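A single structure is presented below for examination.
Going in written order, the chains are labelled A, B, C and D, and every chain counts its residues from 1.
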Amino acid sequence: MDRNQLTKWLKTPVKMGHKYSLHAVYFCTGCGIIEVPPVITARWDAERFGVIPVATPRQANLFLITGYVSVKTLKAIIRTYEQMPEPKFTVGFGSCPVNGGMYWDSYNTIKHLDKYIPVDGWIAGCMPRPEAIFVAVVHLWTLIDKDMADGYKRYRKDYKAYRANQEQLFGTLEWPPLFPIGESK
Amino acid sequence: MSLDLLLIVAFSGALLTYVFGKISSKMRNAFGVVVSLALVVMVALLYGQTEEKIFYFGFLNLPLILRTNMLAWFFAISVSALGLLCIVFSLSYMKGRERGDFYYLMMLLINGAMLGIVFSGDLVSFFIFWEVMSWSTFLLISYNRGKALFAGMKYIIMSILGSVAMLIGMLSLYATYDTLNIVTLSTLISSASSGYLLFLSIIFCIAFAIKNAVMPLHTWLPEAYAEAPSPFTAVLSGMLTRMGMYGFLLIMYVMVGAARVLNLGPGLFKFNYILAWLGAVTIVIPTFIAMLQNDAKMLLAWHGIGQGGYMVLGIAFGTSLGVAGGIFHTLNHAIYIVLLFLSVAAVQYRTHGERDLNSLGGLIKKMPIAFIGGLLGISGLIGVPLTNGFASKWLIYKTLILEGSPFLAFAALIGTWGTILSVFKFLHNMFLGQLPEKYQDVKKSPFSMQLPIIILSFAILLFGILPGIPLKVINAIGVSFGFESLNVTFWGIASDTGALNTINIFAAVLVGCLVVALLFKIGPKATPIAQDDNYAAGAPVPKDKYHYTVDFYNPLYRMITPYLKDFIDAFYMKLAGWTQSLSNGVRRIYTGYVGHYVMYIVLFLASLIFIQLKWSPW
Amino acid sequence: MHVVEIIVSPLLALIIGIFFLGLSRKIMARIHWRYGPPITQPVIDVIRLFSQKAFSHGMMFNLGIILSLAGSFVLILFLPMGNICPLSNSGGMLVILYVMLLAPLGIALSGGEAANPNVSIGISRKLIIALGYEVPLLLVLLTIMTRYHTISIVEIVRIQQNTTWALLDLPLLLSGIAYILILPAILGVRPFEIVQAPQEISSGPMAEYGGPFLALATIQHALSLFIGIALFVNLFLGGAGNPFTFFLKMLVVFILVLFINAALPRLRVEQAVKYLWRWPTLISLAGMIIILIIRR
Amino acid sequence: MNDSLKEQLTSVFTDVKVFIPEEDRIVITVEKEAVLSVLSFLKNHGYSHLGLISCVDWIEEKKLELVYILSAYMQEDESYHDKERTTIILKTKISREKSEFLSVTPIFVNAEPYEREIHELYGIHFDGHNRLTPLFLERKYETPPFRKDFDTRKYVQDVFDNIPFVEKKAENK
């Protein structure tokens, strides 16, 4: 927790800023969201580390995908992810986004979240406990420090592939592509 | 530059445009613009001169006098300038419309009539031009047929009542002093008894209160503004209704004189105190009614009444600051209400006459110039600092507070906040928010419409940042009324009890904006996205399914609608109903048989004889 | 000296405002029995927000937020802060009243361009609440101006320095109470946090604000906190000799408001306006009548 | 009280089998033509609350069984008291291939979403239903997913698994 090391702030303010002010989109995608309230309130208090839920994706830089992702919710997740401003990080929360988890053979849930949107970190567990969220946050810090939390860069670089996957699943999408398809290669 | 030449040009120009109109509409438009341009130049050249021209017609051996002074010049320049801008605007607005020649004839006739009123030196010519103006306004209001006929009828009845009141005043003046020359009258009147002066003031001010839509006599204004063709509504609201203000000034401070008018009437119920309270009521109630309107022009019409209240309040308060504030507000109001009506007309022109605020929206991307005009117009109407509305309202508030009448100041300030709400709803529902499906292909407004909007927006900012320019003229008017002069600096008022310095505010805002723009530049450049790509909890914002600017202040409506029924209009309608039924009854007497008439005469004679025999009064 | 004042006072106001924001989050956390973020958390948030590449809906979207923050900075130049008051003689109280209008107007204009349903609802709520608390606020300000027979705020502060504070000077007590009752509404704090309700309308007019826009909006929020409290301190607690005592007085008032904020739930718009037009208006009306009687 | 209902039912309707597995529960199995009339009969007798419509896929008999669960709303007057506790389960069987049935919305308006769901997941077409649009599913399925012959694992294989991972795709390009 190098929050009050002034030299780091002067050298890399952007990284430090992102590390200690992670505003998470309060978007209940699946069953995991029941773990988030205890994290934000008195018992575990994520605000100590600067993690607070915000109302709109426009104001956020962290996107917690909590629990299984049904095909219908994936549409909303992709739209919300694309509406977030640029340096943004996603964390897959629980085993279902990782590989489908308990619903591995269900016709209605997607199996691998990072086929459709880039994911920077995973938290295993079928509803991991709040402490696991803090482990994920700390892990995200190290990723940010080492510049490995580059999900949004990968999305921009391989947008053609991501878009193709999405269209393969949904057929035509109502919203226009985020980056012009032609030159995103 | 003699006055009679000016009026001859005005009226002959109007007739000639009608003639040219028969030949070709292009020539008519060009000639119309040339005439109004010539009027502006001629009036501008009259600055500072006090010239008097006397003409003797065989009419009641009363001379018709034309004279100019600072007050006349001030109103004349705004009348002709705004008239020119509205003519330029209506060039393309009236392109497709039928009866274009009639429209231009009337517009130039009204322009000339208003100049006539302002320059007339005696009450007879004043009355003649007043009637010419009222009649041509009636004809133009009912230009669109349909509902406009009813609006025109309502307007003309109330303005006839006003003219009759004025006529009574003139007759009584002529009876006592057998002259109607304003200057000689003002000297003679000062010797009259205060009771007679009170009668005179009340009679004349009823006429001018109707024209200026002061509260109890305001009911003709909303329909007249809404139904008249938009460029004409701009002229109507900008200058025509403010002839009432010219009338107030003429009576209260030129004829009766400042000293006498300020203590007419017993004790607390002084004439100008009652007038001030009428002005305050006129500010508050119409502004809150404006909040409930869903039609753009009705909303602006109710604001026209509300702002009229500020002027009357300023003038009736009788201090040098108050009168200066009132006159300055007349000019400012003229500028921004004309700008607002022109931007509504521009939107109407592009959206095929759509006025309903609930079905408009999101036009900012399609019509940016109209948006800028609307934005500056409403900021002038609210009185945001650096716009001209603020300078005049500041004067009025300062005198109200320092003279120790906080309730009047409270009414005026609450009027401003009511204006903010209703006027932002006007801007938000027309230009911001969701663009309806059917207006996706709206084009920009043509240049001949954009030019007046740009000029007026520039004027709002100019008079807001440098109020000294008009204040110098207004100060001269105040001095001519006998008030002590305010030391007007180039950017406001310098006085020990609180000065106004708009240059400081302007510099502060400019530097503030620059600093914040630099601050904004620190972050990376934002990527532009479509207007409707919004966050709606992961779902697409439904297109045209619902329009969330409908009923914009719904919680507030539920609270204040019960208190804001328009009692006065209902009362007038009931009155009109009674007179109609009464006249129906009377009509039945004339049955058309001669026998009945003879019977009436015989009965009448019999009753006379009977009275003579019984009481022998003669 | 004058130029230095013009530079110093906005900076001082900014620092105090940001400090108040950080303090409010810390105190709220402690009331919730949590540890809470460091006091400098708003600074970290602003740094992070400035590094994000946001989305803009058009020219008015950018200009609106710039106008609103510039409006708040300009307003601070008119407010005396201790003995610093750069633009005291160019309009006085009336200019303050009208420049207070620039900030919400700027945000309303820029939010309007975003055509987001939440933003439109947020703007209409903002204007209704503004009308709600303006009625008693205007009554209070007019009472003070007629009481001290001046329209310049520096004059009011100077008179209070000589005589007692306005709050303790008997006839103005009612106006002081009325002002305290509407202070949470002016600051947009919890019982009246209807405008930026995150749960209901996803933070109202700020729903579409991304990185730098949100940074400017948070700075503007901090400044409006400062302005609301500074106005109260100047008008009723007699301003201050030097900026430090001014800051102490503001701290006391701020913590009082914070406790109200922590304790009360959010009102609906009609309830808020009904409350604002009932008790505070009656009290301030009574205050004004008393002042008029005394003056006669 | 249940037996009195049983007598009434058997007296009015011909081939209706009423069976009371336990206290307060009546199971009625009916032919598919008589469903509507029995339902309206029960509704007039106080069982006006249609709790649920569900469907069972008997793949061996090639039948789809529709189950209607009815109960009575709370009432003040005494005679209703025991009615409130009993739930009625009405069953009928329709053929699996030609899965057609009449919609009960004319009798119970709140049956509309239940029938839409069964249409989407079992493929039974309810004629007389005003809005048989999909309710939950985003994608189109040839065999409706809840039918027993729908092989989910094969479906997952050929839909989700052949969507490539992004990195792998980028490398082999």
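The definition used in the following text is that contacts are C-beta pairs under 8 Å (C-beta built on N, C-alpha and C of every residue); 3 or more make two chains touch, one makes a residue touch a chain.
A quick note: this is a predicted structure, and the numbers were derived from the prediction, not measured.
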Key: Path length in the contact graph (chain B to chain D, fewest steps)   = 2
Task = Using the touch rule from the top, work out which pair, A-B or A-D, shares more C-beta pairs.
result = A-D
Query = What chain sits nearest the middle when you go by CA atom centres?
reply = C
Request  = Farthest from chain C by Cα centre, which chain is it? Let me know.
outcome  = D
Note = Per the C-alpha centroid definition, the whole-Å distance linking chain C and chain D comes out as 60
Averaged-CA centre spacing for the pair chain D and chain A, given as whole angstrom = 40
Inquiry  = Based only on mean CA positions, could you tell me how far chain A sits from chain C in angstrom?
reply    = 36
Note = Within chain D, the set of residues that touch 2 or more other chains is none
Note = chain A touches at least 2 other chains through residues 56, 58, 75, 83, 86
Message = Could you pull out the residues of chain C that touch at least 2 other chains?
response = 49-55, 202, 207-208, 210-211
Task = Return all touching chain pairs.
result = A-B, A-C, A-D, B-C
Query = Mind pulling up the chain B residues that touch chain A in the complex?
reply = 524, 530, 533, 535, 537-540
Inquiry  = For the complex, give me every residue of chain D touching chain A.
reply    = 136-139, 141, 145, 150, 152-153, 155-156, 159-161, 163-167, 169-170
Query = Within the complex, which stretch of chain B touches chain C?
reply = 361-362, 364-365, 371, 375, 379, 382-385, 390, 394, 397-398, 401-402, 404, 406-407, 409-410, 413-414, 417-418, 420-421, 424-425, 427-428, 431-435, 492, 497-502, 504-505, 508-509, 512-513, 515-517, 519-520, 522-529, 531-537, 541, 548-549, 552-556, 558-559
Remark   = chain A partner, complex, touching residues on chain C are 25, 29, 32-38, 41, 44-45, 47-55, 198-199, 202-203, 206-211, 214
Message = Taking the touch rule as given, give the residues of chain C at its contact with chain B in the complex, in rising order.
response = 49-58, 60, 62, 65-67, 69-71, 73-74, 77, 87, 89-92, 94-95, 97-99, 101-102, 105, 108-109, 112-118, 120-121, 123-125, 127-128, 130-131, 134-135, 138-139, 142-143, 145-146, 149-152, 155, 202, 207-208, 210-213, 215-216, 268-270, 273-274, 288, 291-292, 295
